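Below is one structure; the comments refer to it alone.
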Amino acid sequence: MTPKKFDYYSPTSINEAIQLLHDNEDSKVLAGGQSLLALMKLRLAAPSALVDISKLQEMSYVREDKDYLGIGALTIHDIIEHNQTIKKKFTLLTDAASKIGDQQIRNVGTIGGSSCHADPAADLPTALSAVNAHFVIRSGKGQRIVPATEFFVDLFQTAVGHDEVLSEIRLPYLPPRSGSGYIKHSRREGDFAIVGTGVVLTMGDGNVCKDIRIALGAVSATPLRAKSAEEYLKGKTLDDKNIADAAEIANEGADPPSDMHGSKEYRMEMIKVFTRRTVKLAMSRVM
Amino acid sequence: MHFEGTFNVKAPKETVFSVILDPNQISQCMPDLQKLDVKSPDDFIAIIKAGVSFIKGDFNLHFTTVEKTPPTHAKLTAHGTGIGSTVDMETIMDLADVEGGGTSMKWSADAKIGGRIASVGQRLLSGQAEKIIKNLFDCLQGKLEAA
Amino acid sequence: MMKSATKSDMIRVTCKINGKEYSGLAEPRTLFVHFIRDELNLTGTHIGCDTGHCGACTIFMNGKSVKSCMVLAIQAQGADITTVEGLADGDKLHPIQEAFWENHGLQCGYCTPGMLISGLFLLQRNPDPTEDEIRRGIEGNLCRCTGYVNIVKSIKAAAKKMQSEGGKSARSM
Amino acid sequence: MATVMELVKESEVQWVGQPLKRKEDPRLITGLGKFVDDVKLPGLAFASILRSPYASAKIKRVDVSRAEKAPGVICTLTGSDVSKLTDPFLQISSAPANKVKDYCLAVDKVHFVGEPVAAVVAETRAEAEDAMELIEVDYEPEEHVLDARKALEKDAPLVHEQVGSNLVFHGKWDYGDIEDAIRKADRVVNAKLHFHRFSSTPIENNGVVVNYDRATGFLNIYCNNQMPMFCIPWLSFGLKFPSNKIRMITGDIGGGFGTKIISYPYIALICLLSMKAKRPVKWTEDRREHMFANHGNERSFDVEVPVKKDGTILGFKVSAFDDCGAYTRYEPAGATIWAQVSPGVYHFPNLKVDFFQVMTNKAPVGPNRGYSRMQHLWMIERTVDIIAKELGLDPADVRLKNYVRSDEMPYVTPSGGIYDGGDYSESLRKAMKLIDYDGLREEQARARKSGKLIGIGIATAVDSGTNNFGQVKIITDDNPFSGNSEAARVSIDGLGQFQVGLGTVPQGQGHETFAAQIVADEFGINPDQITVLSGFDSAINPYSHQSGSYASRSAVMGTGALLGATKKLKEKVAMIAAHLMKTLPENISFSEGNVVDKQTGKKMPIWQIANVAWVNNVLLPEGMEPGLVALNFWRPNFTLPDEKWRLNQTLTYSYQTHIAAIELDPESGKFKILRYVIVDDCGTQINPMIVEGQVHGAAAHGIGAAMFEEFNYDENGQLNSNTFIDYLVPSAVEIPHLITGHLEIPSLFAPKGIRGVGEGGGTPLGAISNAVEDALAPFGLQITDSHQNPQHIHKLIREKISKLNQVR
């Protein structure tokens, strides 16, 4: 089907975009459009106006700042997949970006668009939660920074207000002897996750885990941090037994949906399997 | 999809019964009420805006009371259309006295979604429908406690 | 084709397609694939789904392979576009077109336009791809006739042709 | 390839058998193909269809008033309009099922989610869709039924009340003496199996453009139906419109695989809209609509197989329950088509099949690649593996012991099918060598020690082609259909140029190319010199009312019709040449575009013959009519079913052996294909390159269905997988490299020994379910479904582990 009618605005700057959003109550930001346009063509989504920021190329960059890596919100998945700094310092992001959809989608879809769409089964929101990325939100009144734990509020809902624009995503550098990984369990490689698992960990001396974050996708309204499994592993040696025990409690707090690709029970079990595998993947990348 | 719950309130059965069958009261607990058109207490139409982020739209819900044995039992059905989809819901409410005063309300709701929304994502849907119905009865409970 | 929509909704969209400037009217909601097919009468680009999965609508937009059903016509204002109709240089087929013909890389031909563009985008970035790299490169182009075996074979053959011709493919995309 | 052609003198080269580049490709690789959605006509308007959100409901009221006032709207149509304008479509089922009322829009009641309820025509497609959403329909939801066996129970809701039952067809096939075989058996192997619902989803959806020409009274119908002339009775009786004023036109078709046969309700609807709007009207189905249009047969089986200890199969006793959805359009033909291959490739004489076909409130069922045979063949191949496991034998050995032997060909099956040659054992041995079967068994044993699960699955299927429509007389004698036929025309124009017209309706199978190869060999010329009309047009192409591309028949039927036409044309050319060269017709031969007098070696170019025939006709032999056009209709000699429904239901029986090697991850239930081998035998191959492509395509459909594709309904009859978000068509990453081998044992019955190829009998469904069960052998689990969803495999494993833990 064709989308319903809407007005179209093509701002030439972020501030102009913010103003347009402010002036048009039921308008939506259009970035890569890979998720929004599909829903509009199915006539499930019908915003009255689109504010197209895809041309604001100044929002597409990967910049190494002092204590974080800054990624412009309009940076497309293809760039993230092939960026060497990300590959070295935040390998889980390379894992996640390379598995999104297909080449054409990765040529257009953006990290900001995917984050704001906030589908719990999407790859980047889960990976960014594991990194505890910080999201820079611009509004008429200036800019505020929101950590991942507060950015993803509910199903398809983020901290970005109606007349605000996500401008940058900041990844705090990981301490030495850190490693990360993201594994998507899905039917086909490019599909939405049945369970997505992102792990970022830092090793102390002697194979002891100093710090670990485990984020799970598609098992709750937002990416879910497996807090009890994290607490269990901190301070312990990351041997098979400890990892397996932690994996057993990784699904605490999860409330997965059921659908034809994965029942609730199946997803609860898969959280255990892929927590174990992703922790080991992250360990394998500790420098 | 099936949802249910029970709660107790201080108000007597008769008051509770009159609130839960009063279209004006019920409709105030519906999300984003746009319009209310009451033909009779047992037959009214509520237009609400519901959905998830940008899958949002107006739903035209036509409520009818099909069973009524005051002050203990009521059954309402609702047939709604919106966003190229249909909602058919059946709500049963049973009231009983609680020792030491007040009323216990036991409710259940069975919702069937059809058409476009049902076709796109079970995973999007079940969470949302549950939230709307839970909020409705939590709000009713709040009203009844204040009654 | 959009003639009945009130004038105020219509916007003139101008872009370069296959080296030539085209211009037409579009509503904000007009999908670029419909604009190319109906307004500009280039019907080589096809539609096969509603949700951006099948890839039959893949074109080059500013040098990148893109699904034209997931782009609004207005977003293509001033863009540099290549569709399947622009791959050949007059009567001289592009090496990838020859390779598909020689290796039975198509049967019904409905997915072929999108497959050629995705294949070409892959080869421009990776002149000598492995079988797995080819398969990932066309992961966004579904085909129901060929089982992909001869498409992969065709792209591999195209890679050799393009290298042996010193990469002077008909036109740089 | 081109080098081979240059070396060999053209007159000696045999074009049939050459992997010739296709004539169709130049237009398709340059974007100049003409598909139905590319059709543009002056004044073209666009249609959109409103569909039912309910699986079963009465239609109380349809209000189009707001829609008719919407911008750009030209007209609307509802079920009540249709019930006045048209008659219900023909039914081929027997009473009472033939009381089904099938219209192009729902009348009074909707029977499945997605059923068309109303339609709008507007200036643009977008406006038609805007207006469609303004149509208000009051439904009164009713009870629905979604399971075939439940639909047969006494108090089950009725899909069509006026029929009085949900039963469409019930038939008993009973040959030999199965009860005696059961008594004599060492063991009776039982299985309860389920074949899931999926479809071939070609990348091009259905599409129709109708230009009702009020001047000539003609309905000019542009569509992508695979059997356009077969639709004429349905359209003519349904629309109450004279058949001699219906013109069917197909251009390039974006794949059909059977799903574009029962699209005649949509064609009828757009005809009505064009007549009402007095404008040409285009309707292009979108993907979500397509997912309600044509599902594959879902079928469950109760199987009993008496066997000997050594693995000898004595017979099959089967009860089959086929769910055909809400309407019988091509059905219940599918309730008889499995019998084409009733014993599969096996040699057992005793066969009893109790077959039920039942209506449910799900989307209508229609032909799909491997139609009705793949369900039956999967049941047989799955059961053979269960037999091997229960007897502790290697599945390859059980097959080799029970295959029909090549020395028994032509082999008459219990149901009267006549297998037309082949060597099933050689096919299996060749496949085992190609995949290194023994090496894999060793690797499997090694892997199990380290907890890795490797599975190997074999399946051999008969790929029957060129159907005998007489099989529908099994349903009821008064079905006026039997045999099969095709038409071809070969002509030489006044300047000596060759042109061929065929009635087959290609959707990617390269008919223009194979037809040119056939005719080129007859006249000793190069296929490049022959123009074959592309697509189909009933005003231009020759046709029979059984013309089209379906049931793997085009190569066989097309060749039969072409050989007849070229024979007639050669005879006429020889008579003219003999007359002009003062010799006898039998001395005339053809080479390099010349006629040659074999005795004198004298030559004359064909264009000179053509000149005489067309514009210099006084020189023609006495009494000979001018022109050089040969039209030919061809039919194989088929018979009708006898009283026990014994019938050779198809002319040719290609066969394929598939072996799949997989590695299964027990923790997640997911598996990947390590190696996949196919050995095909379709007799003489006109163009080996095209045959290879058909084999790849058929295998990919089977692999996709086995691993990814499923129509999944919820308890309210809503289709969960009705977009490509949840209906998972495999990409190039999911389909493995396919290793292929070929045998070329000619058919004993078909022209040039050609057999139809391309449907593949759904063989991968058997190979993959057998491989999964083989991988799970350590857990001793049985696979009973044709679809291998990882979460279900994982559930089987978990339940078995928890049972084992309880035991400990």
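The first chain written gets the first letter, and so on, giving A, B, C and D; residue counts start at 1 in each chain.
The criterion applied here is as follows: a contact is a pair of C-beta atoms (placed from the backbone, for glycine too) under 8 Å apart; a residue touches a chain by one contact, two chains touch by 3 or more.
All figures in this text were calculated on a predicted structure; none of them were measured in a lab.
Ranked by distance of CA centroids from subunit A, the top chain is D. Of the two chain pairs considered here, C-D and B-D, the higher C-beta contact count falls to C-D. Separation between the centroids of subunit A and subunit C, computed from CA atoms only, is 30 Å.
Work out the mean CA point of subunit B and of subunit D, and you get 50 Å between them. In this assembly, the C-alpha centroid of subunit B lies 51 Å from the C-alpha centroid of subunit C.
Residue numbers of subunit D whose C-beta contacts span two or more other chains: 125-126, 133, 286, 288, 720, 723, 725-726, 731, 733. Annotation for subunit C: residues touching 2 or more other chains are 27, 29-30, 34, 50-51, 136, 138-141.
Multi-chain contact residues of subunit A, defined as those touching 2 or more other chains: 1-2, 4-5, 38, 42-43, 102, 189-190, 259-260. Remark: the chains found to touch one another pair up as A-B, A-C, A-D, B-D, C-D.
Those residues of subunit D that touch subunit A in the complex are listed here as 48, 125-126, 129-130, 133, 286, 288, 667-668, 670, 708, 710, 712, 720-721, 723, 725-726, 728, 730-731, 733-734, 789-791, 794-795, 798.
Partner subunit D is touched in their complex by these residues of subunit A: 1-2, 4-5, 38, 42-43, 102, 185, 187-192, 194, 259-263, 265-266, 269-270, 273-274.
Those residues of subunit D whose C-beta lies close enough to touch subunit B in the complex are 53-54, 113, 133, 139, 141, 288, 714, 716, 718-720, 722-723, 725-726. Those residues of subunit A lying in contact with subunit C across their complex are 1-8, 10, 30, 33-34, 37-38, 41-42, 50, 52, 54, 78, 101-105, 107-108, 189-190. Residues of subunit C that touch subunit D in their complex: 1-6, 27, 29-30, 34, 37, 41-51, 53-54, 56, 83-85, 87-88, 93, 97, 100-102, 104, 106-113, 116, 131, 134-136, 138-152.
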